[in-house]
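The next part holds the structures, each set out as structure tokens.
Each of the next two complexes has chain A plus one more chain, namely chain B in the first and chain C in the second.
This part shows the complex of A and B:
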């Protein structure tokens, strides 16, 4: 107890100078990879680009309760041996700090089979590369040095809310019902 | 281990990484193995494990084990799945070891603050009782000895990560990592840098340690905080006072498994001084960050890997 009190009074102060490292971004899959993962048995994906009419747009907004920001719908009809396997829909959502490209697989029953993230990007992120900051944590559990030239892969700490994504999936389901079904 | 290393092929391993929205966050799973198809299959299996845990233990979903306990558990014992049972048992252990600093019965406070939904038709709570009144009976039956409501999301996320890692290992993956919004576990033979977010500037990423094997869980108020009666509050509730923790403190726990790390973050948030005595018992290390308003920097408190653990730090000029 006394130790904690002591350190509370004399804390080490670390001023992390943000370097000009790029924002945190991960490319998980290409469209083709996602199609293969979400419809492993399908042998054909037929692209269907739809431009929503105002009427369709209103219908989707009413059904999902989510605003439609783009009129372009990017969808692929998956099939296996000529038989319909479902729809693969590509979409993106963005929040204050993040930008997410994702795909939704809709089965022949009209239900969501899977949601996969293709790309996740934080728009203002940066890695702190201050040498003193690095020295603070060197060699305590595993390796001896922090090699900061690698990509950032492991962030322990809350990710951004999934709300935009949940809304996006709702919007796509309504879009499927309005124009693809 | 040596046999495994010797038999390792010389060609490059296939590495895949995917992410799905699960557990109310983005869950990222990466693995490397011999063939890309096998790796993708292993990752799909690992996601299925996370989804299964989510369905069993979600507070939000009305037909989860947890909701069945909350609805019927006071009137009669409720039989739960073995995973739910394991998590409730573990929760009891963490509560006992921390003298109640970890407590799954703070759910009503979370509902009041708006972090958890209200369920229509669930019985009224008495406002009395704590973790000791969640009674585990033989044959995986659970009974509430008070009119309580439980929420295991402070531990089930870590458990889901552990299950996903087990699925990757069962599938013969050489290395892998599972990250469920900060509850993270890795395995394999190369060290990976773990970053945490600056508690006051969460888009800034701070590298804090290299980890080869094991888990780390971080909890903090950023991105989770909300306004309640004009005040910013976090979903980190002190079980004794039922007061929400400070918005601007981040706690990271390093441990062998992610469920332990997840649970201990709550204990350290509730009472860093008392928590530190518990860390050695679970072979865990804690790193706590607090923003310093004057400089824009961080105060760092670290228990390091000392036995017995104490809070310490190195002074940097």
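This part shows the complex of A and C:
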């Protein structure tokens, strides 16, 4: 075997190792479980899939200052005894390398009731699942600052997850105001 | 030898497979650095392997090994220590003052390095990321000839980083100054003139500048390109040589490990001299090679 062949074995072994590496994911709850946790008194969840128009997308981006990655909004109207209880919105943002699946519950007053992490696929940064950190979003409305190190505390070592979730909640509040309210 | 290599490589592959799927610190580039530091209390072990080959004449292949341990002392300050190794295999190419004789050195310990990095602005939180990086190294082998040479190097870098598109696109810009003091040692068993192998001390200053872009094409995968300009100055001749290297890179970040691979061929270069018989006169081939490839594998804990 020549020097070159020996040397080529390094990437040749690493790339298959990387490709076959098992995906690391922690699923904390399903969509149904999250709906029950976030709207415990609700007895019905009516799915509403919205495809954003370019106008709506622009309006959301202008209002939130956050880029809209997907035109499809996955939302459920929660109700109790036929009376509206609020909106359950399902979304994904990047952590550092992988998507974080999370949900935001918005009350009938337009304020965040709860933020839950449904699936976190990375090890570092999972502190964003911490209840105290998520509680910072409760009461936030469309138009609020929602910026890391201002009204939302950062967690060192989880900066990108914190930033992207904060941006995500801000974008969903603007989405709610633009198309669900 | 071949059997040993196979065993080592299979062992490495085994470790990588069993480590599968974790988050990593970002080292999106092979040669350039970003402005982020490790979080407080986090550590990283990185193995760098660089292959340098092809000087146009003769047969020349060198490997540089760098084993790095980095630790985050605060969220903004990290330090690292490195063990350096190298091998040079050169045949049929002699350049006075640089490559005095054929050699097949095999991989040998060559020196130690320490570095510190301080982050002023975070690319994730601030509009613009900025850090300074300083390093000091002592090496006892010449990376070009493989012969004995005591060398002390101090580097200072300014590292800028800007993230775009929700951190999906990362730009870095690096500017560095490298100061070197070196003394070539006599070669055992060979009589050399001062022309062939000068043993008087020499001092050099190099200015380095680099820029790179990396784009996250899929979860865990970044693809990009980087370029590096390197120019050296010396008292007697002023600008002694310069080169521009540029090429593509790929980065994979898993759960607790990552790898980055960069191919960085030399695109242009020159200086006050070329070696006698050098045919590619638009390249700097006295100290550099036509081709370089670097692989870095890191483990976070």
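Here is the rule we go by: the second predicted complex is superposed on the first by the 118 of 181 C-alpha atoms of A that agree within 3 Å, B and C clash if a C-alpha of one lies under 4 Å from a C-alpha of the other, contacts with A are read in each partner's own complex, and residues count from 1 in each chain.
Definition applied: contacts are C-beta pairs under 8 Å (C-beta built on N, C-alpha and C of every residue); 3 or more make two chains touch, one makes a residue touch a chain.
Since we're looking at a predicted model, the values are computed, not measured.
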### chain A residues touched - chain C or chain B, whichever exceeds
B
### Message
Let me test your reading of the model: by the given contact rule, A:50 touches which partner, first (chain B), second (chain C), both or neither?
### Response
neither
### Task
Check whether A:63 is in contact with chain B, with chain C, with both or with neither, and answer first, second, both or neither.
neither
### Query
Which partner does A:167 contact after superposing on A: first (chain B), second (chain C), both, neither?
second
### Message
I'd like to know which partner A:29 touches here: chain B for first, chain C for second, both or neither.
### Response
first
### Task
State whether A:180 touches chain B only (first), chain C only (second), both chains, or neither.
neither
### Query
First (chain B), second (chain C), both or neither: which does A:94 touch?
second
### Task
Go through the superposed model and pick first if A:116 touches only chain B, second if only chain C, both, or neither.
first
### Message
Using the superposition on chain A as set up above, list the residues of chain A that contact both chain B and chain C.
### Response
1, 3-4, 7, 10-11, 13-14, 18, 23-24, 97, 122, 124-125, 148, 154, 156-157, 159-160
#### Entry: chain B - residues contacting chain A, complex
17-21, 24-26, 28, 30, 40, 44, 177, 179, 181-184, 186, 191-198, 202-214, 216-220, 222-224, 250, 252, 254, 272-273, 276, 285, 290, 292, 295-302, 304-305, 310-316
### Task
Spell out the residues on chain C that touch chain A in their complex, using ranges where they run on.
2, 5-6, 9-10, 12-13, 16-17, 19-24, 26, 39-40, 42, 49, 51, 61, 63, 75, 89, 122, 124-125, 165-168, 216, 219-220, 252-256, 259, 261, 295, 297, 300
### Summary
In their shared complex, chain C is touched by residues of chain A numbered 1, 3-4, 6-7, 9-11, 13-14, 17-18, 20-24, 66-67, 69, 93-99, 121-125, 148-149, 154, 156-157, 159-160, 163-164, 167
### Task
Write out the stretch or stretches of chain A touching chain B in their complex.
1, 3-5, 7-8, 10-16, 18, 23-24, 26, 28-29, 36-37, 97, 114-117, 120, 122, 124-128, 132-137, 140-143, 145-148, 150, 152-162, 165-166, 169
